[in-house]
């Protein structure tokens, strides 16, 4: 690793990059970073962005597995709806989906009597749940397609061998099919997680206070334009770095046996 | 129940092409979206071809700089890149011109949109095309070199046609991405389809009708382009099938 | 040589541009009735649109109305995508640090509008424990953060006032703070009448709420500022301003 950096050419590049950073820091306005109010907001924002990412990736993958399975091996009455769902999610912009979910559903509330006294009201009034729901559906749509390929890609011989051994269908799924399919998607999962992270700032459009919303607040309060955006870029770069490192570590831990 | 009524009888009136229907406004938005998508896709492809060649055959400096470009663009959300490029780049262009003693120029929304999304697309195109060029059998290129074919002709006659079949699936995905990314320009207020829909919805309060209608328009665009790209892939693979027979 | 060529090219482009290019008047790309909202044929209509056209005519400028996102309207001005902001923007100290303003052209009170019976008084006590919605990058966002945020359950930030109103009607927020006239327009709609009421005007704080609405201009462009001020003065004097106002409102909105 270090050897790759210690080439004169790269040292010059690092030097220039550092110089640019210092210039940004010296000539930019960063005093807002010292205000406790904003520090607290930034911490909340980063926390919301990261937890939104983790929750929606987990929920989305949980939905993607049955979606992929239905498309790869399900009867037509399961395969067709699953296909339709993936097509709908993949064919329309996430921003539009979020608007439809949050404001579209919200516009129906005044017409439903008693909704504000109902059990679900705390969820229905909170944008956070709509963001979680919308982003999870998005992961499900994209990963459902990926899982379809992964399920189909598991060698037939493996499944036939298990069947021949008299393995019950459910055990076969949990022990053979699913682990091998997941193993196939693992190398792409890091990239998909980065893509999902890049989708999270859209939730600010439906009033969720993620890190993007926080930078907007700083921009609005201080009328500083570029510095909060630069901070944002740095935050997202760091999160990407963490994701890449995490998956690199994960991939090394899981032994590669299948071809 | 009033809001449910909006869904029923008056939906067609709201979507009619002639005012007071908003159909024409939505279609204008769609046209803007397609225009920007085509422009950004083209620009992205241009950057991609140059970037892929640079990454494969460029000097070490070029390779490293391109690596920085593709990594940065692919690690930061498009929304933030759009804001940074939209404000910072137009600002920089103006500052530069003013430094030369000129006055401000106005950069129109379509051009700014194309430039911004094109730069983002360029990073992804670079990777797709680089992969595709690498997939071209080395023997083909070596054979052409051995025959003394000049580099430009080699690229035009051998590498580009051969890599096209490998590149098309990736490029098809990028096209679908850019059509959806145009929606992000709603955030800077550009009147593409999502922004037009948002305005129609908030003026008429028929949120469901308009967001659903826009969804259908995006879907039609996506289905039509998927069809065209699969045709294109078949066309690009025509030579390979014959050799396979 | 290259530099010279570039400069000539730029000058050439600009020389022709300066003759033909109209002044780009930036408005917020959102429905903000009765000041500015899009109609079904894609035109913008409203009091402020009529006002812009009148000012441009009075000061003999060729203007092009350019919608941009409210949230980025000041960066759009400073980065040169628009030349003037005329989007119901209040003249405040904070904004004066970044941009310049023309004379004010209207001034209306700031009010709290809430779900019926939800909020008793338009102050910190009345809003304690409530969810308040405000539009991003407005004086209202600044005011609510300064006075009400500490006691409120939550402050939700919307990209457009219309979306805040939408959530107020849906019952997701208890109250919103905004311009009285814009809120009157909302309260006159079916959804607004059904759900909400004006609680009252908030206590004035000129440092945050500013001194009326003016046109935003880049710093140092004094010619443009003088032209716009002259235009405003002229239509105030010759009665055009009153004619436009009468078409939309029962009383004057010029304010004190």
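Going in written order, the chains are labelled A, B and C, and every chain counts its residues from 1.
Note that a residue touches a chain if its C-beta (ideal position, glycine included) is under 8 Å from a C-beta of that chain, and two chains touch if they have at least 3 such contacts.
Owing to the predicted nature of the structure, the values given are computational and were not obtained by experimental measurement.
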Are the chains arranged, by touching, as a line, ring, star, complete graph, or other?
complete
Please tell me whether B-C or A-C has the greater number of C-beta pairs in contact.
B-C
Would you mind pulling out the distance in Å between where the CA atoms of chain A average out and where those of chain B do?
21
Compute the distance, rounded to whole Å, between the mean C-alpha positions of chain B and chain C.
33
Centroid of chain A to centroid of chain C, CA atoms only: how many Å?
36
Mind pulling the chain C residues that touch 2 or more other chains?
71, 75, 78, 163, 166, 191
Touching at least two other chains at once: which residues of chain B meet that condition?
2, 83, 87-88, 186-187, 198, 205, 207
Shared-interface residues of chain A (touching two or more other chains) are 103, 106-107, 110, 205, 225
Of chain A, residues touching chain C in the complex:
103, 106-107, 109-110, 115-116, 124-127, 205, 207, 209, 213, 216-217, 219-221, 223, 225
Interface residues, chain C side, partner chain B - complex:
3, 6-7, 10-11, 13-14, 17-18, 21, 24, 28-31, 37-42, 66-72, 75-76, 78-81, 83, 160, 162-163, 166, 189-191
Contacting residues of chain A [partner chain B, same complex]:
9-10, 13, 87-88, 90-97, 99-100, 103-104, 106-108, 110-111, 194, 197-202, 205, 212, 225-226, 229-230, 232-233, 236-237, 240-241
The chain B residues in contact with chain C across the complex are 2, 19-22, 24-25, 28, 83, 86-88, 90-91, 94, 97, 100-107, 109, 112, 186-191, 195, 198-200, 202-203, 205, 207
Under the definition above, what is the set of chain B residues touching chain A in their complex?
1-4, 60-61, 64-65, 68, 72, 74-80, 83-84, 87-88, 176, 180-184, 186-187, 194, 197-198, 201, 205, 207-208, 211-212, 214-215, 218-219, 222-223
